[in-house]
Every structure is written in C-alpha cells, then in structure tokens.
Amino acid sequence: MTGPAAAARASILESLRPPPVLQGPVRIGDLDDQLLTPVGRRPPLAWFIAFGVTSTAALLGIVLILYTIATGIGVWGNNIPVAWAFDIINFVFWVGIGHAGTLISAILLLFRARWRNSISRFAEAMTIFAVICATLFPLIHVGRPWLAFWLAPYPNQRGMWPNFRSPLLWDVFAVNTYFLISLLFWYIGLIPDLASLRDRTPPGARRFVYSVLSLGWRAASSHWHHYERAYLVIAGLATGLVLSVHSVVSFDFAVSLVPGWHMTIFPPYFVAGAVFAGFAMVVMAMVVVRSTMHLEHLITAYHLDMMNRVILACSCLMGYAYLLEGFTAWYSMNPSIHHTFRQYIGGTYGLAGWITIVCNVVIPQLLWLRWFRRNIAGMVFVSLAVTVGMWFERFVIIVSSLHQDFLSSSWHVYRPTLVDYGILLGSFGLFFSLVLLFARVLPVIATTEMKMVLPGAQPRSGKGER
Amino acid sequence: MLAGALGLAGVAAAFFLCERERFWINWVLWFLFLLTTGLGSLFLVALEHVVGARWSVPLRRVPETIAGLVPPMGAAALVGLLSLGTLYPWTSAEGLRDPLVAAKAGWLNEPFFALRAAACVLLWTVSYVVLVGGSRRQDQTGDPRFNRRARRFAPLFMVILGLTVTVTAFDWISSLEPVWYSDIFGVYVFAGAFLAGLAATTLFTLHLRDAGRLDGVGPDHLHNLGGFLFAFTVFWAYIGFAQYLLMWYANIPEEVFWYGERLHGAWGGILLALALLHFLVPFLILIPRDAKSRPRLLFGVALLMLAMHWLDLYWMLFPSVAGGPLFGWPELSFALLFLSGGIWWVRRLMDRGEAMPVGDPFLREGLEFRL
Amino acid sequence: MNPAQGPFSVLGVFDTPDALLEAIGKVKGRTGHRLEAYTPYPVHGLDRALGYRKSPIGGMVFVMGLVGALSALVLELWTSGWDYPLVTAGKPVVSWEAFVPILFEITVLFAALTAGLGMLLLLNRLPALRHPMLRSRSMALLTRDRFGLAVESAGEPLDPEALALLLEDAGAAAIEVVERPPAPGPASPKLLAAALGAILLACLAAAGTTYWGIKLFPRLIPMAHMLDQPRLDPQSGSSFFADGSGMRPPVAGTVSQGAPPRPLPNAEASEGLVNPLPGSAAVFRRGRAAYDTHCAVCHGLLGNGEGSLTDAYGARPTHLTAGAGRELSDGAIYHVIVSGKNAMPPYSSDLTEEERWAAVHYVRVLERALDALDTDFQGGAR
C-alpha cells in the first residue's frame, strides 16, 4: 500500500474509533482533587444567585400549593370534562424527565457504554429530584393529600382495600418502587465516593457525617466482589423497572375508552418520550455543569455527542409513534377518534399540537448534523425545544383529548389559572434548587467509576485470560 | 435435498388439491417467517454499525448470511400478491359490504398494496446489497471505507426497516381482519422478527463454531448473544402483553374480536404455549449468568425461540381463515420445502466466502473482546 | 467477644494494580492468614487472584424476587377476589391481566432491595464504623489511588516482622501494621446521663406530639367549603317553621307503600292483636333488617335502649328486652311502631305492614336470645 493511501486508511480508522473517555492525561489521584475538593466548599456568587432564583420559584410553588390545599382545587382551571390538566401533565412530564437517569446508569451500564460514567451520577440525581417533583402533583390533585395513605394496602377499620385493577393504583406502586430503587442505586454508587470524601476531610463534624453516610466503607476487595455483582443485578432490575414505570403511566390513559388515549402503542411510545425528555434535560444540565465546574476534560464533546445521538434516536421513535397514531386514527374509521385527531392539530389547542410536532420531531432532526451534536448553543437549542415539546405533547394528549368528549353538550375550553402556572414554575424551582444543592454537597461525577476507566487503571495481566 | 424435493412435491400437490385459502395462507406464513428472520438479522448487522460495537465483529458474517434470505423471500412475497383475492376480505365485494372496510379502500386496495409490497422488497434488497455486499467485498480489499459507509447508512436503514416492517405487518397480517387495528402491531412484529434474527444467528454461530469455522469466538461472545436473547424475549413479551392488556381492558368490539378469535378453543392453548415457551421458559433458563454462555443450552433456547416465532405467526395468521388449528400434510410440505430451502440457501451463501469478516479492521479487537 | 491480642493486620501498599496482582501471587498460600486487598475501585482479576467464590447475590435476588411475586399475587387475589370483591369496569374481580403491573413492581422491589441491602448489610456486614482498617494511616491512600494488600488476623496472633518482610519482598512500597482499636470502655456517667436524658426528652416530645396530634388533627377540616352551604342539615333546627325543627314530618296518617290502609287501632284495642307472621328464619331475617335499620339507632342493636343516638338525643328509649319493655305484648309493640310514643315518632310511613310484624318477631328473638328459657336449650335445663 502506498503512503497516501495508508494515511487515508489510518484517518478513516481513527474517525471510526471512539475517542478516549477522558481528555488529556489524568492521573487517578487527580480525579479526587478535581471532583471532591469543591464539595462542601463555599460556592461562588453565581451559585447563590441561581439558588436564590430557583428557591424563590420553589417557595412560590409551595405557597400556591398551600393555597390550593386550603382553598380547594377549584383554584385551578380543571373542570369537567377536563378533569385532568396541569397536575397530570406535570406529573407525566416530571416522571419522564426522571427516566434518563436510570437509562444512563442501568441500561448503558449493561451495554458497557463507557461514556456513561461521566454523567451517570448527575443523571441519577436528576432522576430522584424529578420523581420528587412528579409525585407532588397527583398528591395535591387528590384534593385531600392527608388521606393519600388510603392508597396503601393495609388492613384498616374502613374494611376496604384499594382497587388493584385500577391503573391509578398501579401508578402508585410503580412510581414509588421507582423512587426507592433509584434512590438505592444512587446511594450504593455514592458509598465509595463518600468514603473518599471521608478520608480527605479533617476530623470534625463533616468527617463524622461522611463516615456515617459511607457506612464505614473500607474499599476491601471482598466487599467489591459483592458490590459489583449487586450493582449489575440492580442495573438489570432497574432496566425492567424503567420500562415498566412509564408504561404504567401510559396505562392511566390507554386502558380507557377516551379517543386519543386508547392506543396500543402508548406504552413503548411513552417510554421513548420519557427518555427523550430526560436526555434533553441532562444535556442542558451537563452543559452548565461542565463549564461552571471546569469539567470539560471529563465531560467532553464526545459525551455530549453521544447523548445527542440518543436524543436523535428518540426523536425518530417519536416521529414513528406520531405517524402511527395518525395513521391508525384514520384507519380505525372511528368518527370520535377522527374528531379528536382533528382537534389535535386544528382545534382550540391546535397550536399545542403543532408545537409538539415541530419541537419533538422536526427540530431534533438537526442533530443528524455533526456540528449540531457538538455545538453547545446548537444542542441547548434542541434540548430546550425538546423540553418544551414534550411538555406540550402531554398537554395535547390530556387536554385536547378531554375537552371535547363524547357528549357535545359538555364540551368545555380549558384555561389554566395563574395558580396552575405558578405551581408549574414552582416545580421547576424545586427541581433546580435540589440540583444546585446536590452539586454543592456531593460529588457531581461518580469519581470511583471514573477511576475504573482511566488508562492504566486495570492490570494488564487481568485482560486476555478467563 | 430429499426433504426439499418431498416438500416441493407436497407444495405442488397442495396447490392443486387443497383449497386455495389453505395454500396461500401457508405461503404467506412461510415467506413471512423466513423474511422476518432475515430482516431481524439484517437489523442486528445495522445495530453493530450504528453503535460501533466491536465484540460482534467476528460474528457479523453470520447475521449477514442469514439476511441473505431477504431477497428470495422478497420475491416470494411478490408471488404472494397472487393471494390477495383469495385471502384478504377487502378485495371481495362481500368484504366491502362492511362500511368500516369500505371506508378504508383508500389504503386497502390491490394496486396500492402491491406497490407498497414492491417498494418494501426493493428497499430491503438495496439495503442488503449496501450492508452485506459491501462487507463481502471488504474481505478482499480490507478497505475501511466500507465501515464508514455502513455506519452512515445503518441509521437510515433502521428508519427504513421500522417503516417497512410496520407496513408489512399492517398489510400482510393485520389486514386479513380489515376491521381490526392496533398501532403497536408493527412494533410487535418487529420484536418477533428481531428475536428470530437473534435466535437464528445464535443457532448458526454455534453450528459454525462446532464446525471449527469461527476460531476465537469464545464464551464471552456467546454470553452477549445470550444476553440479547434474554433482553429481547422480555421486550417481545412486554409489547405483546401491552397490546393484549389494553385491548382486554378497553373491550372495544372493533379491537377485541381479534383476541376473541385467538383466545378460544385450541387457539387459546397456542397463546398459552407462546406465553410460556416464547417468554417464560427462555426467560427463566437464561436468568443465571452462566447459562448465557453455555453452548448447548443456548442452542436449545435459540431453537425454541425460532420455533415459537413461527408459532406466533401461525397464531396471528391462521385464525383468520381456519376455525381451528390446521396442521396436515400441506403444512408439513410447506415446512419441508421452506426450511430445507432456507437452510440450503444460507449454507450455500456461507460456503461461498469467509465465515468471518476477515477484511474488517476491527476484527482483531472483536476477537480480543472479554467481558 | 473474642479478646484478640496483637495487631489486626499487616498492610502493604502498592502503587499500581499490576504490582498488587503480582504481590498476591507471591504472598498467597504462604502466611496461613486471611488475605484482603484494598483498592479504590474494583480491579479486574482480583476475584480470581484471591480465590473468591461466586457471589451468592444472584440466587438471593432470584429467591426474594419469587417471594415478592408471590406476596403481590396473594395480596391482590385475596383482597380483590375474596375479602373485598368489588366489580369495577365490568371486569371479573379476579383478573390476572390487571394484576400483572403491580406483580411486576413488587417483584422488582423485593429483588432490588435484596440485591442492595443484602449486599450492604448481610454480605459486607456494613455499617462497620469501628473496623480497625478505618484507623489505618493508609486508608486515605487506599480510597484514593493506591492499592493495599493486608494479611489479616481473624483473632489469631500475627507475626508482624515476618509478614512485613514477606510483603516487602512482594514489592510493597510501604508497610503498615494496623492495630486493633481499643476495646470500648464503659461509658462515663456523664455521657450515660446525657443519653438517658435525651431519650427521655425525645419520648416526651413524641408523646406530646402524638397526643396533641391525635386530639387536634381530626378536628382540622381544611376545605370545609362543601360543608358550608345554605341548607339545613338533618336534625338541625330552623326558625322558618313554626315548630322550630328543620325536618318536616310526613303528613299525618301517611303510610308506606305496600301497607294496606287500615284504621289505626287505639292502644287498648291493639293489646290483643296477634302476630300474623310465622316465626320462621326468613321472617326473623326480615325483622332483623327492619330493626337494625330503623330501631337500633335508639333502642340499640341488642334492644337494651342504648343506641348510638341515645346520648346525643337526650331521651331514654325503652329497654325492650328487660323490665317493662319485656312485658309489652306483641300488639302493644306493633301499636307503638305505627303510632309512636312519647319522643318516638310513628314509623308507619317507613315500615310496611309485614316489616312491622317481622320487627316485633325480632324483638322477641332478642329477648329470648339475651335471657333464654330453660326449654330453649336442647335437652332442657342444664
């Protein structure tokens, strides 16, 4: 082979090879210094400003929730036939956001995608916070949140049991299981990092806290032996769980007879949408984190590129689902379904339908271009569009389908009230407040997992035999 | 050879002796079975290119070869167009008397159906040539430009496959009951197809490995195949159950009758067999970590899954034309003809070239793969 | 407690994972003590080098997953199908299809908790905040970027010098002898008092909170707006009507549907009326239904004049099963049902003729049940 041909060959091979997970020479110990030092330090001014903004929003949300509870949910815009509106939209939206974390930490772990290690910790934390935000909404929507414990199946003096055939009860079990397991998964991943933090901290109250939280982890190989296995097993279980949770959420709609809700594609379509929205949120968060905390060498353009590819794939799946829904709606030859689908794109809320399609299917197609996948402004634009689009998608599914039901005398145009908007804003405030707090008190990158994939971290002799 | 000849004779006899319906439904069943297996394998190939997987490079020639079933089965599908008048109610005046069916005439009419089928076959064949033909040429040239081209083409192929499989499912299977509709149906057929492709790949890999043609493919590679089988049998069950649960719960007449036909009598027994043997038994067998890399076990599970994919198609297709399960000499002849023909075709393709993509620059990395 | 003496372990610190693996090869099998490696992250190949057996987590998870699945199934079947069968959505009370989602969630919950907590608490015996290694000077290196190999004592004495030499030969960059932590002495009286005081305070706080919580919480009715309506509640008064009562009595002489209109006999004439219904089980059941619905709120479920309304209402209903009440004839009871007596309103509008007599039968049954005659027992008096 001649010289130029060989060079061309080498360059093609280079372009096909995934770049190293980290940029630049990083030694194992340096990672600790970079990732664990900021923990617990006094944060910069920008952090305080951001936290001020988000916590104010959260406080506004809390005040409005208290107002709702004290006054009754008549302060919202919901009314028959639109009995579900912002509350359930926001619930589905936030649960969806919460799906990226488990996908990144569990599924990508099973597929051995090593780029996940830089972002898994942060994404898992976002999962937990998003699920917290999500559970708020059904809780206040029941109207008497102090009676929510009636949903638990325990023998009681009322002589009643919850209805196990109701999808709403499935939701309770699915979301709570998801929350618990995500928390467990996150915590188990944190333990070695907490131990590192403990050993870096001079004796005192903070060291005591880290020491208790790390359960006295001593990095023994006999412990790692069980730890790794358990981590994999939980990842496998969480993979099934992540599929089930949003499927169960979709059952809330799909088991009914409401046109536009009863569609058999809902379960996988909801899961794809959840991962879609979740990844968009993770991309936005990672963009901010890597620049403010100077982690560009750990969360590289390659990581962002991979996440954007996932977003693109999900966008195609969403496009497929929309196409199929539209086609089947026509193909069913059911006049009620035809009517509902005309409302999606042409009725009172037709704009919401178009926002959904443009933001979820059209704009993300920009990510076919490498430039968009690697350009910060470009990907933030796409991610924002996806977040907005996915929120509106739930709006279309819930409000547009409900507002003109079978009985045309009950048709009703839903208008959200200021309280509705305020609580939505509050949930964003709560979410980002928690994220900001997390970024200050715990390591934002799974330090231990990063060490594992550093060059030279694994023995040369360990490879190649079995 | 003998089996094939017997099968051919039987099929020819069936053409003249059986009711036309029975002949054609068998035809549709068998070309769909081999076609979906081939398409599932082709998807597996595309998946490797898209995600840039290295472990599967040494195995890639196997699904590529099985995907060789796609062009002949595409031709069989085109022959199958002759069945439209016999099998599909929306072609007859009697079927069109149902206003729900008549209203769908814009989609369900013979010219458009044939056009869609032909377009699908064309797209598959082109994809096959790009993905598999290029890979075979690379055996001689070792040109890495193929990897780049395949990597760019594979996502496009996935989009194509998603749409064409859906069209195939809606047209060839679902429109046997033109009133019925289910938007997940394409996904369900895809899940079955991918699983069948995986199972066929596993079977053939193990066979070649025993024959000593896949040197360097170790338990770790098999473990990944086993893991895929495990994951996608769950996926298949998930999709199938979701469709069933939603129809059962809503109980809408236009939907639920489809399950009504397929739940009662012996068909219900077949559905139960599917639930157990397509999902539960393989699932339980593959749970332990070691089980995923034991060749004999894997062989049995893969064979079971392939058989169950056939049964799945049988269960979807036959109730539309037969009151109870039919299995007689015509079915047996079809099985003999298509199975021996398919195996002969795949082995011929395999014997023509290398058993591994020897020109792929990442073959070495793939062989070195360890868990 | 094993009063083990001497150091806990001798620890060699290595710079690279390869050095560690090599050292394990050299030290393994030459000490007679337990070997343990310490690494900041899982190092591939250590499991095999140290000869660990397969982790039992997979089996534990499988078993507990099955337990979870069965528990969920039993819970769903028993509550929905047996204890509280309630038809919703026209589905059978036992619908396996609808039980699958929760079955799945509970299975995963049990399995994942087993994997996580089983690994931490059972297999790794954490939390272990007093482990000797946590006092080691090298610990901060081992959770950072160094690799340790320790020869540990499970109670038996160690020979630190010899082991240190062995580890040094194996390539250790540094050696540390890890001592056991001093046995925890008796707590000082001051600490003990403080702890007891804190516990006492916590108990008091919890008790107070619970007490006031239980007292006050049910009285808080947020969102009472639906109760706050311009309508009259049952039994409440109203100045609108002349008699000051909010509830309107039925027009005098109203009888319920199904009861033949007949002149109301006066009290004396009623004395002698005979219960026209037979004393069959079916009649008793009807009487019981009528009695429990209409009479029991005042006369009590047992007929002893202590119904749930008695306290609130202030009147003293007749004790039907003892004393004067017991002396009443069937006809007299019937008359009171029809016409009312003292504070008791007439029930002719609520009970049909048959129900009245059935109720009379039931009152008799109550009397006998509470104060049976000797002849009621099989074989006479006992």
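Note that the chains are named A, B and C in the order they appear, and that numbering of residues resets to 1 at the start of each chain.
One rule holds in what follows: a residue touches a chain if its C-beta (ideal position, glycine included) is under 8 Å from a C-beta of that chain, and two chains touch if they have at least 3 such contacts.
If you're wondering where the values come from, they're calculated on a predicted model, not measured in any experiment.
Chain centres here are means of the Cα atoms, and by that rule the chain farthest away from chain C is B.
A summary of chain positions shows that the Cα centroid lying nearest the centre of all protein Cα atoms is that of chain A.
Separating the CA-averaged centres of chain A and chain C is a span of 33 Å. Taking each chain's centre as the average of its CA atoms, chain B and chain C sit 51 Å apart. The set of chain C residues touching two or more other chains comprises 58, 89, 91, 98. Residues of chain A in contact with two or more other chains: 240, 251, 463. Along chain B, residues 245, 249 each make contact with two or more other chains. On the side of chain B, the complex with chain C involves touching residues 241, 244-245, 248-249, 251, 287-289.
Residues 58, 62, 89-91, 97-98, 100 of chain C are the ones touching chain B in the complex.
Residue ranges on chain C touching chain A, taken from their complex, read 16-18, 20-22, 36-47, 50, 52, 55, 57-58, 61, 75-76, 79-80, 83-84, 86, 88-89, 91, 95, 98-99, 101-102, 104-106, 108-109, 111-113, 115-120, 123-124, 126-131, 133-134, 139-140, 142-145, 222-223, 225.
Per the touch definition, chain B reaches chain A in the complex via residues 51-52, 100, 103-104, 107, 143-145, 147-148, 151, 158-159, 162-163, 166, 170, 181-187, 218-220, 227, 234, 238-239, 242-243, 245-247, 249-250, 252, 254, 361-362, 368, 370-371.
Touching chain C in their complex are the following residues of chain A: 27-29, 32, 69-72, 143-144, 146, 153, 159-167, 169-170, 173-174, 177, 180-181, 184-185, 188, 191-192, 195-196, 198-200, 211-212, 215-230, 233-234, 237-238, 240-241, 244, 248, 251, 448-449, 451-452, 456-463.
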